[in-house]
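The chains carry the letters A, B, C and D, assigned in the order they are written, with residues numbered from 1 in each.
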Amino acid sequence: MKSHRIAMLGTGLIADFYTKTLHGQRSRDAVSVVYSRTQERGDAFARRWGIARATTSIDEAIRHPEVDVVVVALPNHLHEETVAAAARAGKAVLCTKPLGRTAAEARRMIDEVERAGVFAGYLEDLCYTPKTLKSIESVRAGAVGDVLWVRSREAHPGPHSAWFWDEKQAGGGCIVDLGCHCIEIIRNFVGKGNRPVEVLCWKDTLVHPITAEDNAIALIRFESGAMGQFEVSWTFRGGMDLRDEVAGTRGTIWLNHFLRTGFEMFTAGAADGYIAEKAETASGWLFPVGDEVAELGYVDMFTDMFDAMEAGRAPRETFRDGYIVNAVMDACFRSVESHGWAKVELEWTGGLAPRIAPTPELLDGQIVVKRELLPDGRAKLILKDPATGVCSDRVM
Amino acid sequence: MKSHRIAMLGTGLIADFYTKTLHGQRSRDAVSVVYSRTQERGDAFARRWGIARATTSIDEAIRHPEVDVVVVALPNHLHEETVAAAARAGKAVLCTKPLGRTAAEARRMIDEVERAGVFAGYLEDLCYTPKTLKSIESVRAGAVGDVLWVRSREAHPGPHSAWFWDEKQAGGGCIVDLGCHCIEIIRNFVGKGNRPVEVLCWKDTLVHPITAEDNAIALIRFESGAMGQFEVSWTFRGGMDLRDEVAGTRGTIWLNHFLRTGFEMFTAGAADGYIAEKAETASGWLFPVGDEVAELGYVDMFTDMFDAMEAGRAPRETFRDGYIVNAVMDACFRSVESHGWAKVELEWTGGLAPRIAPTPELLDGQIVVKRELLPDGRAKLILKDPATGVCSDRVM
Amino acid sequence: MKSHRIAMLGTGLIADFYTKTLHGQRSRDAVSVVYSRTQERGDAFARRWGIARATTSIDEAIRHPEVDVVVVALPNHLHEETVAAAARAGKAVLCTKPLGRTAAEARRMIDEVERAGVFAGYLEDLCYTPKTLKSIESVRAGAVGDVLWVRSREAHPGPHSAWFWDEKQAGGGCIVDLGCHCIEIIRNFVGKGNRPVEVLCWKDTLVHPITAEDNAIALIRFESGAMGQFEVSWTFRGGMDLRDEVAGTRGTIWLNHFLRTGFEMFTAGAADGYIAEKAETASGWLFPVGDEVAELGYVDMFTDMFDAMEAGRAPRETFRDGYIVNAVMDACFRSVESHGWAKVELEWTGGLAPRIAPTPELLDGQIVVKRELLPDGRAKLILKDPATGVCSDRVM
Amino acid sequence: MKSHRIAMLGTGLIADFYTKTLHGQRSRDAVSVVYSRTQERGDAFARRWGIARATTSIDEAIRHPEVDVVVVALPNHLHEETVAAAARAGKAVLCTKPLGRTAAEARRMIDEVERAGVFAGYLEDLCYTPKTLKSIESVRAGAVGDVLWVRSREAHPGPHSAWFWDEKQAGGGCIVDLGCHCIEIIRNFVGKGNRPVEVLCWKDTLVHPITAEDNAIALIRFESGAMGQFEVSWTFRGGMDLRDEVAGTRGTIWLNHFLRTGFEMFTAGAADGYIAEKAETASGWLFPVGDEVAELGYVDMFTDMFDAMEAGRAPRETFRDGYIVNAVMDACFRSVESHGWAKVELEWTGGLAPRIAPTPELLDGQIVVKRELLPDGRAKLILKDPATGVCSDRVM
């Protein structure tokens, strides 16, 4: 029974979620050392989670002899150098989302970990929620047929830490913060071997006094013809809206991860407890989540990472996935600039996905366009003459 | 107490819905004559609804001396000539959606009714659903602040009549059939005085053996900066998905018109009744709608039309609205062709809408980017230095 | 085309709902005279709804020569004498719920209208909601098989007018105010020919400083073996909770009439509009209802009443139904007193309902207790030996 | 870092759920030996879960030298003797629900584990679901004020194993199988120090060809005045209905654990995977659950059990809780027999709970019965004269 000793780089909200998870159900692994820019925040974090050491040196945290796994939970502009340092120190490295600010950064990070031969995992929690994992399994088992369209939406009133709001450190606004989740969720549903071909993106800064976008929508066309659609916002009112929808030739999936999960509470306001991440109000109708770290995928994500490490296999979410996500986001920004569709520029190693092409049913030499059940039990067919293209209907 | 005598042109599903409504709650008005291409269908329709006369001549139906209102419920390619005939006969004319196949057709229809001086109404039922009407009222009362984004989605497994599937008669596929609803719903929420500026559209034929699109998504940028988004599909599985979402600076609205309205039924399949329009299955979990003609807006739509006629005012939905919808759809098709954003070409008479621009709050000379309530009751602020643009956080 | 002239007795919330409906969609009928205890309230009501006359004399309102229909929207203790006066004046009489304060009162009201030979209707709006009507139709068509259990729940923070809180005028607390709805909803689902045999009731005054009950639950056993269950409360927090659930041998129905109907709104609070009856808050997540008078059944209720009047048939909800509801409520109060089940004392004219008794399936001489589908597609059966009663399982 | 070696007694569905959980997230503990009545089933179970030993001797499993914890997952009639054997062997014992078939059995089991001084835990998973745990925390923090009413509902088409259907082995029907969950959920919400005083129960055998009840409803009156209500059924159609509702003086909680948790799927039926426990159909609209063992409470339950064992404290759910649940169920059966309320006969050690009694607000010497916000922002008060008891309303 193996256990791991972890260096946690960062002390923001995400580091809290990660540490809560690591010290929780699996219960074998522990954070040995935490890095923060300031000793004060590091000490507070260490006390909060019962961690032995807090340091203001990234290098010291990484190189600590007890540590075998480095978790990068730092602002985006620090990912590349930190991953490189961890890889060079021979430590397994798990990096939070997005992998880089650009595909170029992500590409170099892949090189570093490959060169060092260390285990690398992409901490994309929302691809590991229990609902998402079971849905992906259903899609692979054919429950919805060929996937035609995936919508992934993440919207809330804006992030908690100052650096997110600074375009240089973050690499962008809500596209980079939230769109990265959506893109990878979409890829999991349309199939990771389905190449993202081109992208159309709209972004705008509608509410907050910042230069980065606070609202964006993008369409991603995949090789099979499937369409991905993401909607991200830092101006949503009402809590955190996390929904995914999948439409296929034979079925539909609707996932709601946060505001409508079968947990509804009205309160006139006496309590003073924490309701849920990004809830806006403390009274009225509230929609808490039972076990946030489980529902948001953190538990299954770290289980997969450690299981993969121990089994010598790749995790479900790799640095290559992070790189593809970055390439799609790069295309989003180019699309905005060019005011049109932009190609996804990418070293693709994922193979070919055939075009969605259902075989039409024939009836008496006519193409069956649609078959519908009438209230009286009869079937109504729309038929198309293959020669003339003229449509007619027939009830039978 | 006035009552109206109606010529119903057409005997398809929509004519059934219209007649059911006209003969229902308001109960003062009645269809006097129905037109169908074949006497057989006309007679069956007349029997079904207790109508005195069925004819195979549009002209005869329009000119019937008892008739004061003509309802055009015909395939799209017949709208222009039929509206013209009704106008020239001096009859009030109510035309189903979309008004034309193109903005040019719609423009000529406006000319005809204006020249004749007859009452004209655009039968856009989904802008009249009770939920939509009350939502629009709430939006106007400021409940959601400035509208930033509207999503309107209409998806089902495809229409019932053969002509819809024929691009020439219909003028397109699901964009023309369903997108017209979505565009006008979006306009009602962003404000009818808010000019649609440009459009981005993706469409594809993914499933059905037809030339028209069976899936499409479009983004519509309005003058205020607000973004409209529609998703339409003839390949949806699971019934009819009719949802609208509105995001504003101060609030959010989610409407679900069909599959999740507080009416849920599981049946092992003994019954043989009609469940709801476009339900796909007759057993398992079903989601019927209580009163379909009311929930889909037909009741309030005709009430508005007749009230407007009697009061000598314009109805909520006019031919001009239909024309703008056509102009947006024209831009959708041009966007697909040009593979990028396309301007909406339009004679605009709706005035100017100012850019959404919230005034940022200041604190000690810093711009407040975000204000958040912490679980312990304190406020956490993200502040931006107006000189340097650097962001920082402060808890107070 | 007939139209009716109505005397509206009462000016409370229910009189507003009734008048809004009567002057709304059907649009043929109108209130000619309104009665209120004070001229001031009567005049205000008349102005609000465009009614020609307001009087403080019930008798004058009833006997007004233009009036052919009397609507009794008065406190419960006035129903008996007012119905009697209307009947003796030869006017059709529609009485709000509950019919009487006791079955004895209700019985005498039946005698009065029968003796006078006037039309009488019981204004039980919640049995006319579009969802309820369609559900009842589905149940009759066999969609859920034999009905086993019906739960009807009505709960809110308490009524609007003072007289409700006075046990003598009202005849009780939330049982009489809300339970009467639930009982009749339950009867519609289990079948009106299914005799309510005995009742078990708990009631308590838990929150409000009153003598009447503010919370109650009752079980009603019907002749078929079906069980009705109602839950009523004047202390519910969060708005108005109106839900019905039906369980049958072949299916399930869940109705939610108010707080979860596909209309969801979050607002930070700028608007100052009326959201929905009995909403508790004006900000946060709100759940408005599209068209309240339609969704709560008022529209279909009055349509049925007038259609019945014109067709010379009984309406769906008669004084006899009101009498049975009173008899069940009487049994509720006796059950509380006797601390056990109480028989429903009732002149029953509704016939016999056979005991629910599915015929068990046999397999190889064994009784099939249950049949279940395994994930691998095989069936798992629980079998019972008819001789020994011993159960075993078999997979096939 | 401690780990445990477990003897799993039983190989039914519940043993699968337990073992899946024990071998899952916590990942430190493992089943060392499994007992089954037949070697064949034991071997299959051992292979399925990678367990070293399968035996047909309960005693051998318990006494195995590696085993420190015995999990009793056997039919109800075997609980008492097996718990006694485990206690006498000095092993920690975790027993599935219900603890006994009667309170007398449960009482003797408490004596056995107390006499032996071994750790004992009551495996009541549904009190450990993440939603339930967070709700209980909110209730204790005052979010809903004083708890007035709790509804707990568990209904499905019937259990999977033959012994459940045999009244002698099980001790009853759905009351014993499902009611035990509901009673303990209710106790967690009203407070474990709140004595259940008396019970009213209805039960019937409506559908299945068995002697035990397949439907039951009970009311449980607690010392504080709070009312618990459970509804259990083995005849529900549509899957597994697991819902809890809590009403308090200041708030409301609604939990839905199974059919409406934000995971909705429509499938035309191509897939052949396992959807969720007790789903009835493999096509149409389905409502799967993300991570069943987590959502149903198994994960948090075993974590609490092992944490308690290691910390030397009692778990959240003890044998004493199981005993109280049995005492309430005993009262249910007595209530059915006596056709009225039945006292809960119980050795109570839980202290006293005061009567719910809000202090009424006074205004100008009048008692405020209700305070309501009008649409125009004014408050409407119902006032009661403390001397006369007469109610009046005032708008201010």
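In the analysis below, a residue touches a chain if its C-beta (ideal position, glycine included) is under 8 Å from a C-beta of that chain, and two chains touch if they have at least 3 such contacts.
All values reported here derive from a predicted model rather than from experimental measurement.
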{"item": "A-C or A-D, whichever has more C-beta pairs in contact", "value": "A-D"}
{"item": "Maximum centroid distance from chain B, chain identifier (CA atoms)", "value": "D"}
{"item": "Chain A and chain B, separation of their C-alpha mean positions in angstrom", "value": "33"}
{"item": "Whole-Å gap separating chain A and chain C, where each centre is the average of the chain's CA atoms", "value": "48"}
{"item": "Intercentroid distance (Cα basis), chain D paired with chain A, Å", "value": "35"}
{"item": "Chain D, residues touching no fewer than two other chains", "value": "144, 237-238, 250-252, 266-268, 272-273, 280"}
{"item": "Chain A contact footprint on chain C (complex, rising order)", "value": "237-239, 266-268, 280-281, 283-287"}
{"item": "Footprint of chain D on chain C - complex, ascending", "value": "144, 148-149, 151, 155, 157-158, 160-163, 165-166, 200, 202, 204, 206-211, 215, 217, 219, 221, 225, 227, 229, 231, 233, 235-238, 241, 247-252, 272-274, 280, 282, 338-341, 356, 358, 360, 367, 369-370, 372-373, 375, 377, 380, 382-384, 389-393"}
{"item": "Residues on chain A engaged by chain D in the complex (per definition of touch)", "value": "1, 3, 25-28, 129-135, 137-138, 141-145, 250-257, 260-273, 288, 290-291, 294-295, 299-300, 303"}
